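Across the two complexes that follow, subunit A remains constant while its partner is subunit B and subsequently subunit C.
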Partner chain A sequence: MNPDPFFQLDRVIHEKGRLSIMSLLAATPDLSFTELRNLLRMTDGNLTRHLRTLQEAGYVALTKTFHNRRPLTTCALTSAGRKAFQNYIDLLEQIVRQNRDS
Partner chain B sequence: MNPDPFFQLDRVIHEKGRLSIMSLLAATPDLSFTELRNLLRMTDGNLTRHLRTLQEAGYVALTKTFHNRRPLTTCALTSAGRKAFQNYIDLLEQIVRQNRDS
Partner chain C sequence: MQSDRAREHLEVIRTLMERSAVYRRALAPMSLLAGGVGLVGAGAGWALDLSAPRTFAGYWLAVGVATGVVALLLVRRQALKAQEPFWSPPTRRVIQAAGPALLAGLVLGVVAWWRVGAEPLSGVTAAALAAGWLPCGWVILYGCAVHSAGFFMPRGIRLFGGILVFLGCLLLLLLPGRPGPRFGWMVMGGVFGALHLAYGIYLRFTEPRESAA
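Right, the complex of A and B next:
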């Protein structure tokens, strides 16, 4: 077995909660904070914490606007985030393939 | 996107270091502590810590013997470990497939 793909896994994306957020955002142009929270059944605090980590890594952009006078936070992958996620999924695929062959 | 596979990922196996250990052990009947450490370029302390977690989960069995009068620790997956790892790889495959489709 080649251990290299494991070393290359991006720690920011590998965490389960963030992996699910990245995966949802990769499938859509953007999602509101509330949509993400409901889809992932996360607490506000948990989602906020993960989004901050993803934002600091440059993978997710948050946009704050108002909708019917209520604040609306929209979350979307940046192009760096999309690329990093693609790379991560490629590594997962290598890991799955290695383990199917062995 | 179906978020269920993410929630089901086994936290014990998902951690990068432990994932690489499980993956190596899944490919062989057993490996010595020294072989694992050299293949994974881990420190003794790190490998010991991860093996303890895997042992407590019932996924890895450690056998201590002597070889040329020197202590030898052999590591192998238990059948529960093999099953849990198989299940984990199946989930990764679902995640990869979902993200290829989207």
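Right, the complex of A and C next:
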């Protein structure tokens, strides 16, 4: 493994759109698809694509239910996702710290 | 270079995490509702001369509870319209933050309503309690509730809560020795009515159109 923390950053999370999704989900137990879309001002297609990538990595879980007879998709971080996000932040902090110390 | 990007990323993460925890439903309708009810309530109560201490306390308790229920229905309507759950984490946080002070206000009102009809209080003390101390206490507690909820709401709400607390304290300091019913009607109509209406109008023109929680 490359000892440079920059090269250890999780590439799934490092993409701007997915990082935004992970950040929003990290601060709250869950968010609906509409909430995420409105907060990030993403198109449905774009958000779906990023969510699928995060879901395939096992970082995000999607739950489909019905709310007042309307379909409701809820997104939440999985424990693996939370751990990966924490690890990602730790690495970013490490990069900042290294630069400050050198 | 990498360090700058890392710092930028951390900043973005922090901003987004804060944003996701913030309550984002449109507040203008609620503020306008509270203001309208406050003004109409004060006008109607004054015109109908509901100034007897017990009637005054009971009347405003009923108006307050009814306004709270309608406000919750408004939030529910907004949630339904946006196809989102009503009991979202931000809504939960706001209600949990405002809850204790609102509950204290409710208990204060119930106790005042009950006590002003009880024996040991003389007529003057009962009138002073209902028309003077009670409205001031309600303004302060309501301000505390708004201020606490403001930690999970857009900026400005906390300031509004702070202004209410300050106003309540100021009114308490300026409270006349024997406050007449007029004082009570003016405080309720002015603070809960006019102030909310003004804030609602301000929000109406400054809030983003498409709000979602």
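Simple rule for what comes next: the second predicted complex is superposed on the first by the 97 of 102 C-alpha atoms of A that agree within 3 Å, B and C clash if a C-alpha of one lies under 4 Å from a C-alpha of the other, contacts with A are read in each partner's own complex, and residues count from 1 in each chain.
Assume contacts are C-beta pairs under 8 Å (C-beta built on N, C-alpha and C of every residue); 3 or more make two chains touch, one makes a residue touch a chain.
In this text, all values refer to a predicted model and were calculated from it rather than measured experimentally.
Engineer: Just subunit B (first), just subunit C (second), both, or neither: which does A:Phe6 touch?
Structural biologist: After superposing on A, A:Phe6 lies in contact with both subunit B and subunit C.
Engineer: Go through the superposed model and pick first if A:Ser23 touches only subunit B, second if only subunit C, both, or neither.
Structural biologist: Both partners, subunit B and subunit C.
Engineer: After lining up the shared chain so the two structures overlap, which partner does A:Leu39 touch, if you call subunit B first and subunit C second: first, second, both or neither?
Structural biologist: both
Engineer: After the superposition on A, what does A:Val96 contact: first (subunit B), second (subunit C), both or neither?
Structural biologist: After superposition on chain A, A:Val96 lies in contact with both partners, subunit B and subunit C.
Engineer: So, does A:Ala80 touch the first partner subunit B, the second partner subunit C, both, or neither?
Structural biologist: Neither partner.
Engineer: Name the residues of subunit A shared by its contacts with subunit B and its contacts with subunit C.
Structural biologist: Touching subunit B in the first complex and subunit C in the second, residues 6, 19-20, 23-24, 26-27, 39, 89, 92-93, 95-96, 98-100 of subunit A appear in both lists.
Engineer: Residues of subunit C touching subunit A in their complex?
Structural biologist: 2-3, 6-7, 9-10, 12-13, 16-21, 80, 82-85, 88-90, 210, 212-213
Engineer: Which of the residues in subunit B end up touching subunit A in this complex?
Structural biologist: Listed in rising order, the residues are 1, 3, 6-7, 9, 11, 14, 16-17, 19-20, 23-24, 26-27, 39-40, 85, 89, 92-93, 95-96, 98-100, 102.
Engineer: Going by the contact rule set out above, which residues of subunit A touch subunit C in the complex?
Structural biologist: 6, 19-20, 23-32, 34-35, 38-39, 67-68, 70, 72, 74, 89, 92-93, 95-96, 98-100
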